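Take a look at this one; I'll ask things after.
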Amino acid sequence: MATVKPPADPEADPRVKAVFDDIRETRGSDFVNNVWRYLAFDPALLEEVWRDVKAVLAIPSLIDPKTKEMIYAAVSIANACDYCTHSHLASARAKGMTAAEQAELLRIVATAAKTNHILNAIRPPIDAAFLAED
Amino acid sequence: MATVKPPADPEADPRVKAVFDDIRETRGSDFVNNVWRYLAFDPALLEEVWRDVKAVLAIPSLIDPKTKEMIYAAVSIANACDYCTHSHLASARAKGMTAAEQAELLRIVATAAKTNHILNAIRPPIDAAFLAED
Amino acid sequence: MATVKPPADPEADPRVKAVFDDIRETRGSDFVNNVWRYLAFDPALLEEVWRDVKAVLAIPSLIDPKTKEMIYAAVSIANACDYCTHSHLASARAKGMTAAEQAELLRIVATAAKTNHILNAIRPPIDAAFLAED
Amino acid sequence: MATVKPPADPEADPRVKAVFDDIRETRGSDFVNNVWRYLAFDPALLEEVWRDVKAVLAIPSLIDPKTKEMIYAAVSIANACDYCTHSHLASARAKGMTAAEQAELLRIVATAAKTNHILNAIRPPIDAAFLAED
Amino acid sequence: MATVKPPADPEADPRVKAVFDDIRETRGSDFVNNVWRYLAFDPALLEEVWRDVKAVLAIPSLIDPKTKEMIYAAVSIANACDYCTHSHLASARAKGMTAAEQAELLRIVATAAKTNHILNAIRPPIDAAFLAED
Amino acid sequence: MATVKPPADPEADPRVKAVFDDIRETRGSDFVNNVWRYLAFDPALLEEVWRDVKAVLAIPSLIDPKTKEMIYAAVSIANACDYCTHSHLASARAKGMTAAEQAELLRIVATAAKTNHILNAIRPPIDAAFLAED
């Protein structure tokens, strides 16, 4: 029940094929999941989204890959994105997140939501000690 | 500009004093920030929120304390909670998050928001490979 | 720090004056709060918003006035609307909500947010028993 | 299409059985809905969520049970939680909410959303009269 | 999997029939989509929602019809409303939005979400130049 | 009250200076607003965000510049981003949006929010006619 129609043969377009090849090589897997197949309706948008996601998730950085997927999933849950929640929790599991860690992630996300709502209701002044500026 | 009035002398109430004492002891600091001072308008609510936050953030668990604060901040950003964003980014910094790590956290949160919105727009079917169930 | 400029003398416009008069009469008070003064930048929008709010909050209906303001405030908290949260919690207090009831409202809102996030993460199938349709 | 796998025989775990027994006894019904069956993947999380929900919804308090479910549903709608919206509207109906009251609830939630967005756009200053503090 | 039960024969109610007739006439089409069939569970709510939507989308105004549907869809995506996203993107397509324009719309919505999250995290002071007031 | 500390002399860093120069040249103005001054705490993040925003807003495309800013503002309102709402409404005004058009934008955003919440509550099935796929 999508709002765009994925191309029947996406890799017939060389720009799409180049992105799909890079996805397969970067991940070391032949599996190209639906988000990329549907984004192929517009090759420029596909290129842009893959470039963004690759920069954040597929390139070594200060935060380890499993944690990056967990943070990504946490934001996806808060934004009520069904596909993103499924895909990034699955990626986190593929990178080693255990069921116990997934439960702890849910506990953090849920407790944050609880206090977010309480403080959006109470609206206390922000303590000077929390400001980054002098 | 809060919606509740904090007690002038919150620790005159022994239930409030017990929570504040536990906050100070748990954190090893005399600083009790505004959220607790305002929540003291209802001692039962104060006790409940502190119990929840302590269970998630102050007790050793599978996820290290700095990462827990970063996940907590990520959700707070997505939920547009001003106070929570300030307080949990400050806590993450107090637990060792560097400016470079904070920048990477923002990059993950922002890229997640970008793809969350694209996928909430496209609504592709969820790949069978992402489901936890058989 | 608003994004529209309120008219210096809003009631010079007869359409604005008519709305302000109705606000004062409906509420039995001379106080016209800022939302109406700023909405006066566009009399048609002012008329529409007042008509909507009056229909929901100022006309006797199945749900009592205090409860209506509490539900209104709950949604405003979830939508992170600062002005709305302040104004509808204040209205609920003006209609009899006690501090203890406000604390209970926050507890419901916060617990709902907690389970909302957990279930947006888990995405269990909806039980057949919950469907309104046969 | 869930992100966790519910145990095939959840009540084989005595912690899960204890929670399910309490759910059945508290509600006076043998029906244990899916959220609890899926949360059983982590007994500690199951215990915590049930404790929270029971404290808010199943224990007599200042706000009557039907109204509590309606407030809970209102927040769930604003947070776009599909499962929560279905389950809490169903619970409100089970506690006496009529179709006319459900229509009025939707009207309040929808009008709140409308003014929430307008005021998040206009950002007028908060009237001094709305502040809880002196 | 709806939370209200649509009437089996909605147009048996003259108030519902009047709205459906106006929908068909306004749109020049016999197709009455599901939102109206389900809203018919409460004729007063149906009348109100149709009046609102007609005023915004079906009446000539300063913003052209295709652009109005695109703005409506953008908000629906941000609010994670599945039905609304489908229906308003479909309406925009029916009013001439091309696949390339839909891709550009997604790019704007997604980039806005990205910077929204970054700025909800950083919380810089608002430049005086942006204020509408003197 | 920001969560990052802007550099005292941001353009001392050549990467920051290059972005600021491009902002000034692209916009034909010497004004560099706060978001860029604060993002300068991390030159790589500054470069990335400017590249994204420039690609969407500063480069001629299918949608005219004023409309792009209005769509951007609509999403920012829905995401409750205070800074973004101010800055993109100001940009839209600078590109020709009149007060009457701003009022119409608010009416579209607000009505969308109203129906978004109603349909997230009712959850009717999506009409087959709305699907992009065959």
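For clarity, chains are labelled A, B, C, D, E and F in written order, and residue numbers in each chain start from 1.
Here, a residue touches a chain if its C-beta (ideal position, glycine included) is under 8 Å from a C-beta of that chain, and two chains touch if they have at least 3 such contacts.
Treat the numbers as computed from the prediction; the structure is a model and nothing was measured.
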item	value
Labels of chains that are neighbours to subunit D and to subunit E	A, B, C, F
Pair from A-C, D-E or E-F with over half of its contact pairs in common with B-C	D-E
More contacts between chains, A-C or A-D	A-C
Centroid comparison with subunit B (C-alpha atoms), farthest chain	E
Whole-Å gap between the CA centroids of subunit C and subunit D	20
Length of the line joining the C-alpha centres of subunit B and subunit E, rounded to whole Å	34
Computed distance of Cα centres, subunit E from subunit A, in Å	27
Junction residues of subunit B, two or more chains touched	1-4, 6, 45, 48-49, 55, 75, 77-82, 85-86, 89-90, 100, 106-107, 109-118, 120-123, 126, 130-132
Subunit D residues touching subunit B - in the complex, by the definition given at the top	1-6, 48, 55, 126, 130-134
List of subunit D residues in touch with subunit A within their complex	1, 3-4, 41-42, 44-45, 48-49, 75, 79-81
Footprint of subunit A on subunit B - complex, ascending	1-4, 6, 31, 33-35, 37-39, 45, 49, 52-53, 55-56, 61-63, 67-68, 70-72, 74-84, 86-90, 93, 98, 100-101, 104-105, 107-109, 111-127, 129-132
Residues of subunit F that touch subunit C when the two form their complex	80, 85-86, 89-90, 99-100, 102-103, 106-107, 110, 117
Residues of subunit C that touch subunit A when the two form their complex	73, 77-78, 80, 82, 85-86, 89, 106, 109-118, 120-123
